[in-house]
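Paired with subunit B in one complex and with subunit C in the other, subunit A is shared by the two complexes that follow.
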Partner chain A sequence: MKHTLGFYLRLYGMILAQDLKSKMSYRADFIISTVGMIATNVAGFVSFWILFRNFPSIGGWGYYEILFLYGFSLVSLTPVQCLFDNNWSLRQYVYSGDFIKYCFRPVNLFFYYQSEVFDIKGLGQLAFGIAMIVYAWGKLGLAVTVLAVVKLLVFLLTASLVMIALQNAAAATCFWIQNSFYVLDFVTRFKDYARYPVTIFSPVFRFVFTFLMPIAFIAYYPSLVILRPDEVPLLSWLSPVIGVVFFFLSYRFWMYGAMKYSGTGS
Partner chain B sequence: MSSVIEIKNVTKEFKVLNRREGLKGSIQDLFSRDYKIVRAVDNISMQVQQGEIVGYLGPNGAGKSTTIKMMTGVLEPTSGEILVSGNVPYENRTRNAQQIGVVFGQRSQLWWALPLIESYRLLKEIYCIPDADYTHMLELYRSLVDLEPLLHKPVRQMSLGQRTLSDILAAFLHNPKIVFLDEPTIGLDVSMKAKIRTLIQALNQEKHTTVILTTHDMGDVDALCRRVVIIDKGKMLYDNDMEHLKGFFGSYRTLKLRTDGDHAAQAAAMQKMLPELKVSADTEWISVLVDESRAHVIDVLAQLQKQYTIRDMQLQEISTEEIIKKIYEEGVQ
Partner chain C sequence: MNLKRYVTLTRAGIMESLQFRLSAFIMVLGNLLYLIVTFFLWKSIYAAAGTETVSGMTFNDTLIYLVLATALFGFMDMYIVWEIGRSIQSGQIVLELLRPMQYRKYLFWAYSGSFVTQFFFTFLPTFLIVAAVTHGAIRFGVNLLFFVISVVLAVSINYSIDFLVGTICLYTESIWGINIMKQVIVLLLSGATIPLAFFPEPLHSVALCLPFQSIYNAPLTLLLDGEPQMQNVLQILGTQAVWVVVMGLASMAFWKVSIRKITVNGG
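Up next, the complex of A and B:
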């Protein structure tokens, strides 16, 4: 049976609503994690601000441009945080054999697995990110046109696919190896570098971050389309394609692993 | 009557690395190509008709779960053919999933944090169950079990029995053609077991659902199954009526007695009295193995009661393990 996109969106909405309801019922947990999330974001911003008190620009990038980049990376890293958090539990499900319970439903396995968890903590990051983008946008004196906003949204959306793809691929390694936590942790650590212009790194890392571990597509390349509209490199225009392609490949890899999975014990 | 499950010469092999011992061995294993082939399911064939309840028995590691995983589409058979309600399960996993319901041991498939009714609403959406069918099904459930107290309880707060009950109801919710129940009564108390058995029986009759039941509990089999399939070490040992099986082995029942005085001496005396039966004794019970085709338990009991004061008695049916042992020793069919 083939389901339509509408079917999946509605189902996701229902699961999400239920999940939020049940999360609110753990009130203490909800409040503590909200406070923790705000603190994390504030701390991140403060260290960024201190850095710029001492250096007025980094690699030819001014304060507000970097702030924009920072905001862009926070927003484009929100979906992976909110919607794909169940990837972190994958290896436990696979190890214990509980993963099999996801295999019996007449819906897409990847969708069904990821839909189970919505991590509400990512929403604070989203709010911070949007505020930074709007503030920097104003300070940089960029024009507010329909085209610019559409561009921003398209590039944000596709940029978010890059980190999702990296995380899917890293999580899916658990179908083959036991200590996949380290792979996932390793890949996740790189996302902190996404908020800096890739030009400040040495050529070796520039190559790595562009082609091997393509975190430069999380914020740097797509931001250039907005920030430096006169000198957009080809890689920036390609970034939506790269996001979509990477996501698709990671999805196939994940599904391939899941299909190979045979379950342990009874 | 048409068959909903057709299995033809199905074999499933797993490649297992021959592991070496010690640290040095582990390092060698990293590069090893030294695999051995383990045959978990070996050339099994069977057909199941719509509406049947089939008891699928065998000791641990016999290949029961592997067969079920192949029927549900999780595993691909190495060779042979499987058709489940017309589908090849592995190739059409999602289409197959619409036709089947699965309860896998103690692994709840419901949403842990949600009240049961919300889980059922999500399942209604996932399986595209029409409103009328859904309402009808819940009505049926209400008539069979005391559903109300469960509906608004989050699954994580349920007892094992309540959770199993909820999971079984969830598996039948979309009115599937076949339901696979893997050890549904494991770890439950006697009254809950009885409740679950009655429920399965009722749902099977009401909806004409085919049920494949794996279990170690002969009580489940006795209560539910007319047909029994036994496998061991991947091979099919038996596939026939429960009655037929009983005709072979179940005609033996063990009469257990507790009397005053020394069991061993009395057992020896009883053996003399009943030369055609086998009497043995331990500190707790005197066991008399009665072949019911030759003597009736009641008659034996009456005869013994004339001479001995019987304090307590039990009647024991033969167990799966004993049946399998006997099939090995004596063969069947």
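Up next, the complex of A and C:
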């Protein structure tokens, strides 16, 4: 049976509505979590601000350029926060055996699993990120054209695939090792490092953070297209391709783990 | 025998955490990655500043401070808020309360085993690596002793804060939100994200008056001070001791009041 994209979108809408309803029934939790998420972003910005009170620039990048990069990373990290949050529970489902229930649905296993949770808190991060980008964009005096906005959207979208891919792969390790929490935690730290230009690193680590742990593709390379339009390196133009390829590979890895999952026997 | 039961709990904790050798390895790897990123980040930050010291901190000081703050965080974070929160949500708390030991004490000693393993498997390697990278910027003298004393006090303060925050879960049914807020406040105001020395006034003075700076800023300041002045040391340790008592009493009192409110759904 072949399902169309429209079918999946409709299905996602239905599951989303149920998820939001169940979340709303724990109103206090919902409000506190949202405040917590906002506090995280405020604290992140405060430390950024303190840093620039003491130092003028980082690796030749000024305050507003770094702010743009910061905002870019926040926005590109929103999809992984909102849409793929169920990855954090994967190890518990696998460990307890409950994961088997996902295997018996007539829809794509990966889709069904990820669609079950929508983390609405991530939207606060999105608002912060957009505000930072807009503010920095104005201060840097970058031209506002339709082409620039389209470029921004395309590159944001594809950049977000990189972090999604990293998280999928990290979560899927639980099909082989029991406690994948530390792997996920390790990978999640990457997103904090994405806020800085990769040029601060020595050539060896520039290579590592570009090709082995692709942190630089979360914000640095894609944002160059907007920030420094006169000297865009090839890797920036390639970043959408890399995002898509990474996502596809992580999807196959995740599914491979899920397919060899044999339950706990209970 | 009072001591024996604590030791038994510690031993059980060590055995339990030794089950997860892979996770210890990944944590060291994570600390290493943090060290690399922090190294290059602050190197280029200091390069742009053009001066050797900024707000009384050299590049080496900053690197040691931040990397060890993260290592200490990994070592001290016991997921107490999660533990208490889950226990309350599942109703397990009722069984915990029936134990012949105070819950507050039991939880601490049950976790103490992971202190021991975390110390050897994650903190010590990170410490040695950062000492090697900074070429003797860490003085190996009496300051190490002060550092160790200070860390012990910090563990106690951190535990009291965690327990206090965990108790809030009795009222809110929210764990993630409460925990993330605690983490954000503690990490920022303790100097673990940006050394307190860089904070502008009046933020700096405010942070110094709060208990959080006693967790990371105090031990790291003592460690970095190669020629400690007795008066200074006593002042820092004294402040910590005051917070140990205050936070300890506060968390105990709050728990006592809250425990009467417990409602467990079903059983």
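What we mean here is this: the second predicted complex is superposed on the first by the 266 of 266 C-alpha atoms of A that agree within 3 Å, B and C clash if a C-alpha of one lies under 4 Å from a C-alpha of the other, contacts with A are read in each partner's own complex, and residues count from 1 in each chain.
Operating definition for what follows: contacts are C-beta pairs under 8 Å (C-beta built on N, C-alpha and C of every residue); 3 or more make two chains touch, one makes a residue touch a chain.
Every value quoted in this text rests on a predicted model; they were computed, and no experiment measured them.
Subunit B and subunit C, once both complexes are superposed via subunit A, fit side by side.
By the touch criterion stated above, A:Val232 is placed in contact with neither subunit B nor subunit C. Of the two partner chains placed around the shared chain by superposition, subunit C is the only one that A:Asp185 touches, whereas subunit B remains out of contact. Of the two partner chains placed by the overlay, only subunit C lies in contact with A:Ser57; subunit B stays clear of it. Touched residues of subunit A were counted for both subunit B and subunit C, and C has more of them.
Across the overlaid pair of complexes, the angle with its corner at the CA centre of subunit A and arms to subunit B and subunit C is 90°, in steps of 10. In the overlay built on the shared chain, the residue A:Gln18 is in contact with subunit B alone; subunit C does not reach it.
When the shared chain is aligned, no partner comes close enough to touch A:Ala148: not subunit B, not subunit C. Once you line the two complexes up on chain A, you'll see the smallest CA to CA distance from subunit B to subunit C is 10 Å. Annotation: subunit A has no residue touching subunit B in one complex and subunit C in the other.
The part of subunit A that touches subunit B in the complex is made up of residues 1, 10-11, 14-15, 18-19, 22-23, 25, 97-98, 100-101, 103-108, 112, 116, 262-263, 265-266. If you check the complex, the residues on subunit B that touch subunit A are 14, 60, 64-65, 69, 72-75, 93-95, 97-98, 100, 102, 104-105, 107-109, 111, 113-114, 118, 121-122, 125-127, 154, 182-183.
On the subunit A side of its complex with subunit C, the touching residues are 26, 28-29, 31-37, 39-40, 43, 46-47, 50-51, 53-60, 177, 179, 181-183, 185-186, 189, 193, 196, 200-202, 205, 213. In the complex of the two chains, the subunit C residues touching subunit A come out as 20, 22-23, 26-27, 29-30, 33-34, 36-37, 40-41, 43-49, 54-55, 172-174, 176-181, 184-185, 187-188, 193-194, 198-200, 203.
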